[in-house]
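Each of the next two complexes has chain A plus one more chain, namely chain B in the first and chain C in the second.
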Partner chain A sequence: MNAAAERRLLEPWQDPKAAPFVRIERLTKQFGDLYAVDDLSLDIFQGEFFSLLGSSGCGKSTLLRMLAGLEYPTSGRLYIDGVDVTEVPPYARPVNMMFQSYALFPHMTVEQNVEFGLRQERMPRAERAERVSEMLELLRIAPLRKRKPDQLSGGQRQRVALARSLAKHPKLLLLDEPLGALDKRLRENTQFELVNLQERLGITFVTVTHDQEEAMTMSTRIAIMDAGQIMQVDTPTAIYEFPSCRFVAEFIGSVNLFEGKVVESSGDEVLVESRIGRSMRVRAFHPYALGTPVTVAVRPEKVRLCLDYREDGVNQLRGVVEDIAYLGDVSIYRIRIDAALPRVQMTLTNIQPRTEQALTWDQEVAIEWSPNSAMALSE
Partner chain B sequence: MSTASAPLSRDSRLSRFVNIGIPYVWLGIFFLLPLLIVLRISIAEPALAQPPYTALWEWIDQGVLQIHINLQNFILVWEDSIYLDAFLNSLWVALVCTLLCLLLGYPMAYALATSPERWRVPLLMLIILPFWTSFLIRVYAWIGILKPQGLLNHALMGIGLIDEPLAILHTQIAVYIGVVYSYLPFMILPLYANLTRLDPTLLEAAADLGCRPLRAFWRVTLPLSSAGIVAGSMLVFIPVVGEFVIPDLLGGPETLMVGKLLWGEFFGNKDWPLASALAVVLLALLVVPFVLMQRIEQRIEEGSR
Partner chain C sequence: MSGRHPGRSRWPLWTLLAFGYAFLYVPILLLILYSFNESRLVTVWSGFSLKWYGELLHNRQLLDAAWLSVRIAAVNATVAVVLGTLAANALVRHGRFRGRTGFELLLTAPLVMPDVLIGLSMLLLFVAMQQGFGWPAGRGFTTIAIAHITFSTAYVAVVVRSRLAQMDASLEEAAMDLGARPLSVYAQITLPLIAPALLSGWLLAFTLSLDDLVIASFVSGPGSTTLPMVVYSSVRMGVSPQINALATLIVALVAFAVVIAGLSMRQSQRSS
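What follows is the complex of A and B.
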């Protein structure tokens, strides 16, 4: 297999001929005057681990519920595996969902919970028992099979909910904040387990989360949502390194923003005259007309100390260290350039033990970044 | 925590004793004591005296105590078929009425629990409102509705459904109607309380797993409301077994119920001991199945663990 073909297999969204597994076409959901989902279109491919990421109220849960059939869209169409399921009720969709609250049936044992969906499709008893055992083994909860949900810990319940939603071998698994109720340590372990499980079973996962770290760790692609619309769909790396707009840049990770206007545009680079009077040369995805207002975005870890500061230097700033947040592995420095401006953040890895570090409070520093690690964003 | 392991101070021990003690004292005075008095009367003999029964013990000669225990009342209750029939009929009426209340009350409670929030209080008021009128007057009103020249017969004849009045009043049917009408709220309220607590995501999960709405009702809603069903059924069944007013006002000579007999023995025949014996047997009849049911429930729960 050549490199291009391999890339198409791993990243089907790159392949113009690939048929999407889930096709969301101009979907709108209105609750009264509120547009929870607003004219949204999206393609999700077979075998993806797709995350819908956004703050609460951005419409991500409503979108997921429409995929499950628990809400019906006001307008637009929805296709799963080529079939129009827009009006298909939830019990007839080839889709299962893991609920945020897990929604385990409290009057049934673990085993009965997992078996529930199989009973509905009238699977023969022997086959059913085999499938239940397989699921319980897969999620390592076989010893708990006779317990009731109220006799389980949060992590165990999460596994039961997952086993129940996987038992029917759905084509598409929807996960609503799958790790939201777990504590931090457990969450980190479970993230990797979910990814392994997804790769092993080959089921397409669509998950909703408000936790960007979780989305970054697990997803093949992420859709950033705001006010019922998608702001950007891309791989975790691309979302972080090449945000398409200011909203996405600010939503994922921390970022330093400098407003200014374009004074020179050449190919994939622009020269920006920032409001603070410093010129900045950064990447741009498309040419800009001269005078266009843009925002220059620089991630804190891309900022470094500058050893050859010049008064007319490009991508160079000078200021005073105002705050230091020591996080162990890294330290975050907040540098005051101008009293009226937000502080510029710089993250430095603590290569030396903390006590020997050069930077300290109220120290004057010069900082810089390279042109290809910053970018110009339009509003 | 050093305070938790330290022995309780005298004050806190006293307050704990008072806290736990009050309900026991209450039960002792207002439940156990009257029950013991009833038990004691049930083993006496009727007498023309004040009170109208013989003493439990008396001193004869010096230092010889004579205790009178008369089991004749219980033997009579067992041997005279009228009492047994009354017991059986009371249980039957209570059973039928409980089932009718459940069949009528469950959909009403379900509708209440699933109605929009702003409708719930007014709808609930409609269920509770009749309680503001005296129970006796409401049952009396049914005579006006059910009698041969009453509202119901007039209406049915008016629309030409029947040619001559139906004889409903003073039959067991009238008792069923009266009991179901009077006790329906006692079924609805616990069921409503139970159903409003049901997590709607469970039904979504059922639908997501391929379960149609009706099946989801049988497999999820109904089992999860079993506590409400049991509570409502108890609240209807137990008082109906001993019900006196409704069979007396609406029932006929053939509606034999323990409540009516009890009343007759107490106030008609002035046979307190026999009436007490009936009351004791009634209590035993109700308590034994209740305890058995609780045992079974407990065993089921333990078995599932």
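What follows is the complex of A and C.
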């Protein structure tokens, strides 16, 4: 395999030779005694659709505002496209932002809103008109060009805001909860549109969201944030399948957790003696010393019914069906193993019509999972 | 029908409303009515006439006073809008700067300060200044305008401040993000959006000045008699229906201004 072909197989963040497009270096932002962003370093590459995901107050919005220049860091440096922009004011950065509230200028028409940024850089009139039309066409809002923002629906406003922030052809587009104000149906359609737009324009997107489904669908990579720090940065698949710690595992999707101690460690697998007395053999990122306390994490859809339950079986549990949540495509079963323990969740696809399903309330069941679909996590 | 309580009559409410309106507007209606009276006596109706309006047009003293008052009011309103807007900006957009609480207190104090006190202190200040460095030389237009600006600024600041606080700060951030420098953001985004508040602040300051008797009496000098001062002194010698005619014209002017301000407010609310 030649070098070029090998290069193509590597995503930019896996390639040690790739230069990051946005480089965040030990950035800290303090508001009084509160560290909104705490000694955070992160590289984002050209053409990425990067999501900052976290619950409210985790510092993701502050980080985005620092990229835009609307907040200045207390310490640390910030580079965009190789240029140190730490002290550059927002109006001089090659960056545009789409605000959560859209922040459309109420006294201007759609057209004037989109044109605003171009007028600031004194683009000639003819070129300006052309660019505005191009943007309005791109987002399919040309018929609305003479309307004022209060004459638009929520979805239309979102498009105008997007057109306005893309009009200057920024190197980096920041999106603060871009779909937060839309209803569910519209949100799902817009997700795909946003990704297509990003791929077509080749602009690097950095978005802030608290909606994990949105982040999973759209992003090339996700950074999970908590208390001003990054807990894990990875592709959506890796974040879901290989969470690096308990916080990330619990933050994304649902997960069953069993606390226990390592009794055997070999390569990337460990044998854990769980507190409920069952032994579990699961994957691990690295070898553990014997006796180390760990948490075994198993996703509900990785749990299946067990047909050959044995008293000394590994990765096997027995319990009683306590609750069934029927969601149409799947059902979630909550199984009581031990009264003192959180219920174990199992998701099964409803292949048969509901009326013909075997499992019912108060039924005794045995469940299991395979060693490579569960993870051992340290705190 | 929803909202109506069966068996409960609504006439007490209507009566209350009628009394309220009567209390507010009957005196003004009477004043307007008697401006069209034939008789010299203000309280005896003897037929319709416009003669007092005619006489008013030839009363130099009254007209001069009215013109002076309007000029002072206009200068006052304009300067107060500039100063009040700057103060409101500092309070709303500049976070918790050192001395903010003191600034806020001192800015709004004239709202509750008695007019007599403001008038007297202003007079003492002007006298001291004249003795100290000769400006302002004597009292008149300039001193009245300065005194009026002092308290009008506080009113304008209150009006503009509430409008600024309602305005979404991300609009200014968005403009800056799109490449506009701070001054340009202010001219293109902030000013157009707070314009209705500037207009109502201007009208408020104009009215306050036009109507002030107490402060003006303290700081005016010979040859600078404002309209309220003329009206007040002429009433002491017996009310002339000319005053009624003048009052009617002022009411008409004010009503016109209120309608214009209301329309512009509604226009801007529709667009924001």
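The rule is simple: the second predicted complex is superposed on the first by the 369 of 379 C-alpha atoms of A that agree within 3 Å, B and C clash if a C-alpha of one lies under 4 Å from a C-alpha of the other, contacts with A are read in each partner's own complex, and residues count from 1 in each chain.
Note that a residue touches a chain if its C-beta (ideal position, glycine included) is under 8 Å from a C-beta of that chain, and two chains touch if they have at least 3 such contacts.
Here the structure is a predicted model, which means the values were calculated and not measured.
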Could you classify chain B and chain C on chain A, in the superposed arrangement, as clash or fit?
clash
Counting only touches as set out at the top, which of chain B and chain C does A:F105 meet: first, second, both, neither?
both
Going by the contact rule set out at the top, does A:R147 touch chain B (first), chain C (second), both, or neither?
first
Quick one: is A:L341 in contact with chain B, with chain C, with both, or with neither? Answer first, second, both or neither.
neither
Look at A:A129 in the shared chain and tell me whether it touches chain B only, chain C only, both, or neither; answer first, second, both or neither.
neither
Tell me which partner A:L305 touches in the superposition: chain B (first), chain C (second), both or neither.
neither
So in the superposed three-chain picture, is A:Y91 touching just chain B, just chain C, both, or none of them (first/second/both/neither)?
both
Chain B versus chain C as contact partner of A:A68, first or second or both or neither
both
Overlap of the chain B and chain C footprints on chain A, listed as residue numbers:
68-70, 89-91, 95-97, 99, 101, 103, 105-107, 116-117, 120-121, 148, 164-165, 168
Within their complex, state which residues of chain A touch chain C.
68-70, 89-91, 95-97, 99-101, 103, 105-107, 116-117, 120-121, 148, 150, 164-165, 168
Spell out the residues on chain B that touch chain A in their complex, using ranges where they run on.
199, 201-202, 204-212, 215, 219-220, 223-224, 304-305
Complex contact set, residues of chain C against chain A:
168, 170-171, 173-181, 184, 188-189, 192-193, 268, 270-272
For chain A, which residues count as touching chain B in their complex?
68-70, 89-92, 95-97, 99, 101, 103-107, 109, 116-117, 120-121, 146-148, 151, 164-165, 168
